[in-house]
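What follows is a single structure, written as structure tokens, with notes after it.
The letters A, B and C name the chains in turn, as written, and every chain counts its residues from 1.
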Amino acid sequence: MTRFVLRRLLQSGVVLLGVTLVVFLLLQLVPGDPVRVALGTRFDPETYEALRARAGLDRPLPVQYVSYVGHALTGDLGVSFRSGRPVTAIVLERLPATLSLAVTAVVFALLVAFPLGVLSALRSGSVFDHAARVFSQFGVSVPDFWMGIMGILLFAGVLGWLPPSGYVALTDDPARWAAHVVLPAVTVGLVTAAILTRFIRSSVLEVLSEDYVRTAEAKGLRTRVVVLRHVLRNALIPVVTVVAVQLASLLGGVIVIEVLFAWPGVGRLTYDAVQARDYPVLQGAVLLVAALFLLVNLLVDVLYARLDPRIRVR
Amino acid sequence: MSGTADSRSRRALAALRRDPLALTGGAVLVLLVVVGVAGPWLAPAGVNEVDVDRMLQPPSWSHPFGTDELGRDVLSRVLVAARVSLQVGLVSVGIALAVGVTLGLLAGYYRGWLDNVLMRCMDVLFAFPVLLLAVAIVAVLGPGLGTAMIAIGVVYTPIFARVTRAGVLSVREQVFVRAAVATGASDLRIMRRHVLPNIAAPLIVQTSLSLAFAILSEAALSFLGLGVQPPAPAWGRMLYDGRGFVTEAWWLGVFPGAAIFLTVLAFNLVGDALRDVLDPRQLTLSEARRNAG
Amino acid sequence: MTDRPVLSVADLTVTIGTRRGPARAVAGVDWSVRAGETLALVGESGSGKSMSVLAATGLAPRSARVTGCVRLLGTDLLALPDERRRSLRGRHVGFVFQDPMTSLNPVLTVGRQIGEAGEEHLGLSRRAARARAVELLELVGIPSATERVDAYPHELSGGMRQRVVIAMALICEPDLLIADEPTTALDVTTQAQIVELVADLRRRLGMAVVWITHDLGVVAGTADTVAVMYGGRIVEQGPVDAVFANPSHPYTAALLAARPTPDAGGADLTTIPGAPPSPLELPAGCAFWPRCPVRGDARCEHELPPLVPVATDHRVRTFYPNRPSREDG
């Protein structure tokens, strides 16, 4: 088991290195001088020189890259071209907002997808099943920002029940945080629910056709026992990992929703950085999100190994 | 070998013709292509006819989809924007297909260190959430139609590489391939005549599904202002521009979004139907993760 | 002394609804088995041998329509509501299916899986069920039972897994053990061990055993009565010795002739040319007609032969019992 973990750790490390390379090269792709482009009309020679020196843009590429990785390992991701503040601090202070949104969305998605997926598989072919499949097909195809706009239209505009945008920290005022998080979280959550429903359904269906389920029925066990102890315990193992991966990919995927609802998370930060040509912040945000994504994938693989006894003994 | 592929495709087409969902999806796609090609001529009004007197008009006979905040006819803009979405979708998936299949063929056929290096590179690309990477690429290259195509193409390349590689791996051990190798056929010839036709099925399915997501990504990019630039119309951009007015002018939110939704849905329906017919094996866990991410 | 049969099946017919139309997997089948007796159901795959047993015990797929009379210890199984049937079956019938790797739940320990039925039908506590599981593991010949009881299925070899499955079937001390091709997925040595184990357990516990197989070697060694099935119907039925000494149906004769040696186990029925009929398109006449080496006359093709007695308790479904084949005559 430890060998397995170590191997995965090594793999992730290699990939992470590749990620840093990609992120580093992003800056090099900017046509022209990135600092000049970033400063734009606020150009002045001193700031320009200072920023260039700080970003080390005059040194040869390999040196720059090594320096970049070295700094990153100590938590230094450079400074913003706009504000001069350290990138790491900027990104980290936005993380809680994104996390609270992503987690709420995934919890909501599970509350919807779990019963839908399981029941749809157990009653395969029924009207309920067809309805669930239609739901998941729609959910996967709908643009989340469109659904968000429709939600704003209905709940903020027509009904006036919820605020159309904005954010209040969970720690400041849970009630008002809740009112603000509902629309964005449900919007994101419904799309995630659609994906999860499909996966849960197919996982349960696959397990239902397994021989050991027939054995359990032959033994005369009650349906509830068969479903819970035999079907779900097997079917949900891969589902757990898919949920975790969805959560991780939401960290980067909520850009559009955060922009739409003026939610001050990492996604919104990325967007602002793009508008302002603030490349270090863009790089930092992308790097952090990718690193988190890799971390979650690693944890998920370890979790899967722990849950499935067949893999545990290695 | 090619005989079985032909009869398989004939059976596939027959099965598709009977599936109502596939037919609906297909019909919408045909409609989309027509609009995409003939859009500007189908549009009743000019795409950029700004008329401040007629701004924010609800749907009427003269403006079936209403007018936007600059008085432009929404229907015309929606029709012309179809072309942009279609272009970006086809070109970006074309790039992803060309590059991804090549890489997948090389990795799966030659294996060894080449396979390792290529797949590690794909892993690196997979480590980025899709939209985030696309945004970053477009941001550094400068927003526009071309960079959006490149960005989405790059982001969808790994999935094609993976599907191709998996297909090649399962085919290369089969007798007819070994026979071809034994008779001294060149690698290129083997790949072209024996390997490719047999991995066509999963690739076709993946293409259709990726087209759906590519169009969704294009819409998201243009929503963020990173796609084709104004004043050229794009569905996502129209939603972004209209979002502030949507409570007074619901048509600004409904029609462009519905266009995106119907297009993506059509590609997904066709893709799912194709999968049921051509390649019904279950998605492995890792594939499901990649597709979901 | 003739006891009441443990399980008796009368005029059992099973039709399965498929996308391509109704498939009649079993048609008008009668058989029964008494305590301490072994009935062998023999046939190729698709002959309906497994389906008849599954349908009789209420395990047929949802799309199946089952008619006929099935009595388990005197009670009409098919007339019972699902819950009662489930309970009755679980308590009195043990099942051993073909592939022990897939028949066992990979995420539960072996002990848990053995004990489950005991918890459900005998009201055993978890601890009592576990203790019972250890006893059963010893009974079926698994060494180090007290450690093995907490093992997972994939940690055991194929033969051991099948013993676990047998132990699982025995926890409620069933009146009937149904074994559906239990040795097909095992190697030859292990096959022999399992066959011996089941015979031994049958003697000790006095169970009735229904052994479904395509392997005539198994039949010869352990069965008391045999029913040969083809195309969903019984084509020959009777005491094993009688049927083997005097195979009256051309199919039975062909099966017996196809074995390399009478004692070798695992002889497959692959040497009769042709293939069995599809349950979607069963002929009106004798189902064996296309492959029959005897080839009586046109009547065989259009009329279904009834089951006629050849000797006491020995029945056969053919118009031409005991005819030599055309090639011999």
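The working rule: a contact is a pair of C-beta atoms (placed from the backbone, for glycine too) under 8 Å apart; a residue touches a chain by one contact, two chains touch by 3 or more.
All values reported here derive from a predicted model rather than from experimental measurement.
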So with touch defined the way it is at the top, what topology do the chains form here? Options are line, ring, star, complete, other. line
Between A-C and A-B, more C-beta pairs in contact link A-B
So what's the Cα centroid distance for subunit A and subunit C, whole Å? 53
In angstrom, rounded to a whole number, how far apart do the mean CA points of subunit A and subunit B lie? 22
What residues in subunit B touch two or more of the other chains? none
In their shared complex, subunit A is touched by residues of subunit C numbered 57, 59, 86-91, 93, 95, 97, 99, 102-108, 116-117, 120-121, 152, 154-155, 165, 168
Tell me, which parts of subunit A touch subunit C in their complex? 210-212, 214-222, 225, 229-230, 233-234, 237, 307-310, 313
So in the complex, which bits of subunit A are touching subunit B? 11, 14-16, 18-19, 21-23, 26-27, 29-31, 137-138, 140-143, 145-146, 149-150, 152-153, 156-158, 164, 195, 199, 202, 206, 238, 241-242, 245-246, 248-253, 255-256, 259-260, 270-271, 273-275, 277, 279, 282-283, 286, 289-290, 293-294, 297
Residues of subunit B that touch subunit A when the two form their complex: 120-121, 123-125, 127-133, 135-137, 139-142, 212, 216, 219-220, 223-226, 236, 239, 242-243, 246-247, 250, 253-254, 256-258, 260-261, 264-265, 268-269, 272, 282-283, 285, 288-289, 292-293
